[in-house]
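Single-structure report; data block below.
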Amino acid sequence: MIIARLARLAALLAALALLAAPALAQTPLRVDVTDGHLDPMPVAIPDFIGADRRAADAGADIARVINNNLANSGLFTPVDPDAFIEQIENIDLRPRFGDWRVINASALLVGRVTIDGEDRMQISFRLWDTATEQQLLGLQFATTPDNWRRIAHKVSDAVYERLTGEQGYFDSRIVYVAESTGADGQTLRRLAVMDQDGANPSLLTDRTYMALLPNYSPSTQQITFVAQREDGRNMSYLYDLATGRRESLFDGGGPSISGEGQSLAPRFAPDGRSLVVAAERHGSHHIFRYDLRSRILRQITNHPADDVSPSYAPGGDQIVFSSNRSGRSQLYVMTADGADVTRITFAEGQYYAPAWSPRGDLVAFVRQQAGGRFALGVVRADGSGGERILYEGYFVDSPTWAPNGRILAFTRGDFDRNGTQYSIWSVDLAGFNLRRLPTQGAASDPAWSPLIE
Amino acid sequence: MMRLTFAAVAALGLLASACASRPDVDPDPITNGGSGNVTPDNGPVQPEGPTPGTPEHFAATAGDRVFYGYDRHDLTNEARETLRQQAAWLASYSNTRVLIAGNADERGTREYNLALGARRANAARDFLVAQGVDPSRIETVSYGKERPTCRQSTEECWAINRNATTVIQSGSMS
Amino acid sequence: MRQVFGFIASALIHLALVATGFIYFPQAARYASDSVILPVELVTLADVTNVRAARPGPEPVLPEPAPDPVMPEPETQPEPETQPEPTPLPDEPEPEPEAEPEPAPAEPVPEPEPEPEPEPRRQPVEPELDLDDLSRLIDLSRQDTRSGAAETGDTRRGAGEGTDMTATLQDMLRSQIARCTRSNADAPADMDLRVVVELRLERDGSLTSPPRLRDEARVMNSPNPFLRVAGERAMRAVIDCQPYRLPPEAYAQWRLLEVNVDTQNNR
């Protein structure tokens, strides 16, 4: 009996061994996948849960801001909450993934808001991959309740980064020129700032002078701009967001560029220590570098034509600018000292307002084409490989990069017989996802801040 | 035909210049079309009209603005003629100082147009200086495209807005 | 004696199960440790524009802003001076995510590497080894193996006579998977983002077991977030894509797949 059993078992084990061999030997079919789609990823973001009414309301607001951010990025598409099957009640339990897969949600973001007796808000969230059923992220932020919107942006950035591999850009702001009509019918142009999604707009400057062409400092604490003052002069200014103090850079106590020349829109070097600016000297415009500590102003281009709109490379070692030295306005790159000036655009038409990408590889530009229409485009910083047009229209100005270099905001002008209508739009690097940034009234000259720290 | 168009634009421009002392008012180049021809053909002094030596007088007799081609800052023959009259007027009223403001149309980017406006103002100033006006009497600024005379999105409007406008700063002491 | 044999056999099978567990579980284990709520310090400079000094310094040329009806002036901004403090570690125990209703479907039970059909889920709870049961399973496996081997033979022959069928299957899979795959074309161009996913398919085109990412540790622990995302995108794609629509008669050829995903330059 035992022997029989033993023999049977031995046979069994042998069979097991035999069985494994051919299966292991079988060669898998090899498939090379080189194509993919670029469709937005469906993400389900139910309202963050809250133990009480106040927390639940905040949770709904936070989910709304995150949904909006991710949708606006063009890389995600929020799943309609009406389709949700599972009701999230506890974010520390694994979701029923099937319920989310069946509504085609590739990722699920669940969160919880608690507000304690000392008015401290905690926001916890978990990001799930519904296909692999893995948690991709689980984080918690603490703040005060009035800061909920910034937390929503930070959560959006975390989700964006986890799902794309790329740095986010939602916790950032945009400074721009808000247009309005004064009592005398003249157009007023004042600096305003808003969150990247258009929330929290507020004005920075008053109606006694025109403020134009703002740019953020790397610290996000200061803004440079051009003031077209009552005396008619255009002068470069520095505005400190913390103190509200404005400082004229090149007159008054500062170095004088020339007796009566104007100075235009300064932009910060990536290290924040110096500015680069176009200013008029002896009748034409040149690029200058201004050291903010030593207050030394150094002219770095010298050509009888007009060199304007300088913009630093993120490494700080190069500068792109526009110049009509060839007859028509084109873009040029040079070292930070003004050496090795190299033209990078060659096509028909004129190029203006270059902005070096924070990634370093591309330069965004405005191009005025034959026939007068405008385009927003990008070209490699070394001018190779041609250019890519992202938007074409009646008028374009002032491209500015989102902190991660994936999105550009710009001034768009739309034809209206009684006066061009200006507004701020954004578009992604592929030329998709064109959308208007909400501003109250006409707006122009957007400049995106770096990520707020 | 080209010539005709240009004449019309120039006439409109002169019309617009008549409004220069009232910069808040947008002249309507269409409806005001009839009474445009105020180009003086004799010396700087007009028997009737604005008080001699005033900004109004300057505008009416010499013409207070000159126009430029698209994306240009070189002076046309018409512009030179106007500037010669401005120089003659300034010679007659030697106590005056002027501000020359360069303007651009809206079909250019903001910063480029600030530079272009400065170029236009400088071109006008340089011509006046060449005509004997003391450079210390002249100040220049650029309004870029920020202070257009005419706001409509038409070629006519843009042509009017491409100018350098000479404004008498301090009234004549004479 | 009988019990000794039973014990040995049982130990063998359990060992096998544990071994397969190691094949699939490292990933799950790693993620589980991630699921701890991490405190994140929100360094808050309260919103910069909100923190304004009451009185800017004297400024000769540019006077102070006057009130504007449309947008709030900076002065009227609320001042959330409140600093979101750095979060302390939460007191709550590590929330070990547990399947709420039924653990089984939430965490698909991995199956032994070479085996196809048997239901290993049942075996651990089997109180005593039943050789008859085991024999039945082996018989089933044998059948499967036999047909598999036969078809494998076909493939070898096919390779000699022409790889039409192989090429066709590859094309079918390529186009099906490409439709499910989010391209990496938006990642920086100078990165190597190739990943390989190994699949085992049922005859109906569904996955027999969760797909395996080859070099998983290298990919998922890469300091390059784009590579990690590439791995996740590939895994998501092959899961989303099931059931695969493939000719059943060629099952033996597509039962095991090695999918090389490199979608960076597809634009």
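The letters A, B and C name the chains in turn, as written, and every chain counts its residues from 1.
Basically, a residue touches a chain if its C-beta (ideal position, glycine included) is under 8 Å from a C-beta of that chain, and two chains touch if they have at least 3 such contacts.
A quick note: this is a predicted structure, and the numbers were derived from the prediction, not measured.
Novice: Looking at chain pairs A-C and A-B, which one is connected by more C-beta pairs in contact?
Specialist: Here the pair linked by more C-beta pairs in contact is A-C.
Novice: Based on Cα centres, what is the most central chain?
Specialist: A
Novice: Taking the mean of the CA coordinates per chain, how far is chain B from chain C in Å?
Specialist: About 71 Å, centre to centre.
Novice: If you average the Cα atoms of chain A and of chain C to get two centres, how far apart are those centres in Å?
Specialist: 29
Novice: Between chain A and chain B, tell me the centre distance in angstrom, where each centre is the average of that chain's C-alpha atoms.
Specialist: 43
Novice: Among the residues of chain A, which ones contact at least 2 other chains?
Specialist: Chain A, residues with two or more chain partners: 231.
Novice: In the complex formed with chain A, which residues of chain B make contact?
Specialist: It comes out as residues 23-26, 71, 99, 101, 106-112, 114-116, 118-119, 122, 126, 139-144, 146-147, 151-154.
Novice: Of all residues in chain C, which touch chain A in the complex?
Specialist: Touch list, chain C to chain A: 1-2, 5, 9, 27-28, 31, 34-40, 42-49, 51-53, 56-57, 59-66, 68, 70-74, 77-78, 80, 82-87, 90, 95, 97-101, 105-108, 114-116, 131, 134-135, 138, 141-142, 145, 148-149, 152, 155, 166, 169-170, 173-174, 177-179, 181-188, 198, 210, 224-230, 232-233, 235-237, 239-240, 252-263, 265-267.
Novice: Show which residues of chain A lie in contact with chain B when the two form their complex.
Specialist: 184-187, 189, 210, 212-213, 226, 228, 231-234, 260-262, 264-265, 278, 280, 283-285, 306, 308-309, 322, 329, 350, 352-353, 366, 368, 372, 395, 397-398, 411, 413, 415-420, 444-445
Novice: Write out the stretch or stretches of chain A touching chain C in their complex.
Specialist: On the chain A side, the touching residues are 2, 5-6, 8-9, 12, 15-16, 19-20, 22-39, 41, 92-94, 96-98, 106, 120-122, 124, 126, 129, 131-144, 146-147, 150-151, 154, 161, 163-166, 173, 178, 180, 190, 192-193, 200-209, 220-221, 227, 229-231, 237, 241-248, 252, 359, 406, 429-430, 440-441, 452-453.
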